[in-house]
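You will see two complexes here that share chain A, one where it goes with chain B and one where it goes with chain C.
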Partner chain A sequence: MNPPPGVDARIINTPEGALQSILNGAPMRKGRVHLELPAIAENGHSVGMTVKVDSPMSEADHVRRIELIADKNPVPRVATFVLGPLNGRAEVESRLRLNGTQRVTAIAQLSDGSFWFDAVDVTVNELACLDGG
Partner chain B sequence: MGARDPNQSRRDFLKSSALAGGGLIVSFALPGTTRLAQAAGNDVKMSAYLRIAPNNDITVVCGLSEMGQGVHTAIPMLVAEELDADWMRVRVEQAGVDKAFANPIFGMQATGGSTSVRGHWEPMRKAGAQARAMLIAAAAEIWKVDPSECSTEKGMVLHKSGKKASYGQLAAKAAKQVPPKDVKLKDPSQFTLLGKSGTKRLDTAAKSTGKAKYGLDIYLPGMLTAVIAHAPVLGGKAVSVDDSKAKAVPGVRQVVTIPAGVAVLADGYWAAKMGRDALEIKWDDGPNAALSSEGISKMLSDGAKAGGAVGRNEGDAKAAAPAKTLEAEYEAPFLSHSCMEPLNCTAWVRNGEVEIWAGTQSQGPAQGILAQVGGVAPGKVKVNTMYLGGGFGRRFAPDPVIGATILSKMTGKPVKLVYSREDDTRGYFYRPASVTRMKGGLDAGGKAVLFTANVASPSIMEGSHFMKLPPDGVDEFGVEGIRDCPYDIPNLRIEYSRQEPGGVQVWFWRSVGHSQNSFFLESFIDEMAHEAGKDPFEFRRALLSKQPRYKGALELAAEKAEWGKPLPAGVHRGIAVVFSFGSWCAEVAEVSVAADGTPTVHRVVAAVDCGMTVNPDIVKRQIESAIVYGLTAALYGKITFKDGQVQQSNFHDYRMLRMNQMPKVEVHIVPSKEAPGGIGEPGTPPIAPAVANAIFAATGKRIRKLPILA
Partner chain C sequence: MTARIQVPAEARRGEAVEVRIVIQHPMETGFRYDALGRRTPRNVIHTLLCRYGGAEVFRAEMGAGIAANPFLRFFVRASEPGDIECSWVDSENASGTVSARLTVTV
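What follows is the complex of A and B.
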């Protein structure tokens, strides 16, 4: 989870910095990852999220980690899930806090080192969010 | 309301004082649940341990830490039984640090060593009985009758005339009564709560709804969250720190060097962690940079070969000339406690006072330590004990509370120090590794006539910094579980060789020395039984004729497991029996072994003699939990070192038992009228040898080194 050498801590809290800290210059491809988020979230405090990755989750071929980037959050790199063959299936569920309407990207790194991603645009009803207090 | 006189002795069991107003001892009230105390309000204080509200709510104040073991239910049950309280009205409140709550076994306020029920069985019942007598005296005074004509039932005082009054109505008057010096406690046959199944835990609802507060749940206004970059080698020091990139991370407020390492303080955990990752530190690894597991194993093995201080010597082990002898060397590794809630503490040093919020097992000692750290009088240190997400001995250690207090003192702000899982796993404080050489001798008829054991391990007593090796040079934790070998063997000798590899902080781990020594002894006894051509259960039983409670637990486990009755093809049994912390526990494991050597534990039958029980349901849960904990360690647990550094970091390389690996566990309690024994730890020691012995039965391969899946 350490930022790889060369990543500038000053841009770590931008979407570009977050991406750089995950990929360290490696390419990523669309596919294999399925990010499920509602198109419209009424309350940005708690947005249900599921990531599934097509993977046999075997010793030889599994998902090593799943990263989430929320472009407009103060800390865009919002979560890292570390997985392994013992998980049995490559699926994680959680709830996100989203700071407004934005794009959320899920990136999976497989055991061969390759990166795959899916991205979803979420409309967050900010009024509902502000109303929380 | 006024402040309590700090000089007032509260050692006396009951020092009655009705509260003039509310709020005097509310500061530790845990918020928001039905069965946890809310606030003192108009409660009447009957003693340091008990308050009664006008609406009949009973609040039991508990000085012990709740780490899942059920003490916040057991202590109220002890009070409620003798008080004849209505259990449905009983609540529990965590106490602060006060002499009144010193653990009678330790002499200080701390929770550990499976001492809670053993130490408080009588004092807490007495607290209930004295309050009951005072309530009766108050009623008798009002009714102008003789107290002997009154009885109590479910929170009411009753008179034979039919008059009755609730405890809530009587409390204010009762608190003014002189506490009786001697009160008669109930005969166990009169118990309605104690020893009976079905009493639910007081903390379940709060824990199920997320309302219960653990240390990690503390958020204070203006609080900074800190993480520490610890030296990768114990004893190492930062020689240069470049924190420019760390300070550039948004949210990072300060970077400071303290004895424990380099701390990053930030607005939240994530920023602190990102800041720590961006630190560039040059470490001087110091004297322990060459530490390796191979070196440690060799050092311990040489120590075991050489022998050391004599811990027990009966008969003449050297002169004994058995017909048959066998000898073996066993080894157990360092272990991490791996509490599910990572270690943490929130501290606020202000206005000459230190206040902490922590899930700690040792609030009493922490008060003294933090007085020194904060430079204040012990009375100016306030400890808020939160729920512990696991303790296992690790939360007895003061490192997180010291770290948080230093950081708050330096920054002048409330600071929550959080250990990441990696910090926790690599945070030293390990169950010591041990190598033990044993020798057994049998006579021509296969009877055991000789047993010797040379134990080599680092000393917990010396490592603890609050104990010293006794004059005989034998660390009691180093040899417990093997020095007290119960088997009737005429020639018996136990030696202890203290070996300190350096660079490791050894510590108390659930069941302490028994966790490895019972594995050694109970496996080697199995080897002797095999050598003698005898059944391992019958071999033990014959050697326990003078040990009725060992024998009782062993026989009950064997009976309930149907020892001797054939199992499905491929499944084999192993047995072990251990006395620890005042209780006897025997376990029978049913195990099969796959072609690749991987064992599956299908079922464990446990029998425990822990004397009288408070809450038998919790006793059973404790044994189940001890089995999960012990089985995890037996199968996987191993902390290893290379170049001075710990090689494990998180659950992927320091594995826990998984749900689908959990055996079916049955717990049977030996019926008893004896005084209670401990229950938090006694279930842990027997599981490793029971499983290892079953693996031997299945494969003929003897497990002499843990973990089993090395």
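What follows is the complex of A and C.
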């Protein structure tokens, strides 16, 4: 992917670069975010993922966005979900492609600007990028 | 592109309703080669936008890290009766829209 301003283009497709492009130097804390992925995935073509954030989703206190990083994917920044007070509940489910056994991180930015995260290690028995599948 | 959206037929005002959407799309990674050794160009649905009663309620920016035939499930707080409309665009600028009617009871 193309890096946002201020992020080195050479590292955008590394986990560190992905993290830097999201946080832009801001700290993130563990908690409030719950990332659910299977511990073992039979193959990496389609892995169910649910992310939930503890938030009242009110005008004053809500989740602005949720970012997903898969460390070993060719493009680690997998998805961005933009939410707001109109959602009523901060929960998103989707299915990921995972290029092998790796750590997946979900980062939520709240309306006060703070970042919270959760990370899950997934063992993938058959990679998504190995063959023509 | 075929797509399907599911929302409950009716909801009470203030309730968070579950929206499920699935779109038929290869989410081509750009890392695959065909039998002749030619690279299959990357083609993914990069943006999906959902509106409820005209206001944006959910947006997803995606890449090849989302599995083929992307599925999304998220919530929308029911306020007024109206359409929940999702539209998307892929790398070849092909776009699509699906919508579902949400009936809101008191």
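The rule we apply is simple: the second predicted complex is superposed on the first by the 121 of 133 C-alpha atoms of A that agree within 3 Å, B and C clash if a C-alpha of one lies under 4 Å from a C-alpha of the other, contacts with A are read in each partner's own complex, and residues count from 1 in each chain.
In the analysis below, a residue touches a chain if its C-beta (ideal position, glycine included) is under 8 Å from a C-beta of that chain, and two chains touch if they have at least 3 such contacts.
Predicted model only: the values in this text are computed from it and were never measured.
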item: Partner chain in contact with A:Val47 - chain B first, chain C second, else both or neither; value: second
item: Partner chain(s) touched by A:Asn13 [first = chain B, second = chain C, both, neither]; value: first
item: Of chain C and chain B, partner touching more chain A residues; value: C
item: Partner chain in contact with A:Glu93 - chain B first, chain C second, else both or neither; value: second
item: Touched partner set for A:Thr80, first chain B, second chain C, both or neither; value: second
item: Chain C-contacting residues of chain A that also contact chain B; value: 1, 74-75, 82, 84, 86
item: Contact set on chain C toward chain A in their complex; value: 14-17, 27, 29, 31-33, 52, 55, 57-68, 70-78
item: Touch list for chain A against partner chain B, complex; value: 1-3, 8-10, 12-13, 74-75, 82, 84, 86
item: Chain C contact footprint on chain A (complex, rising order); value: 1, 45-47, 50, 57, 68, 70, 73-98, 129, 132
item: Chain B residues touching chain A - in the complex, by the definition given at the top; value: 245-246, 248-251, 270-271, 274-275, 277-278, 650, 652, 658
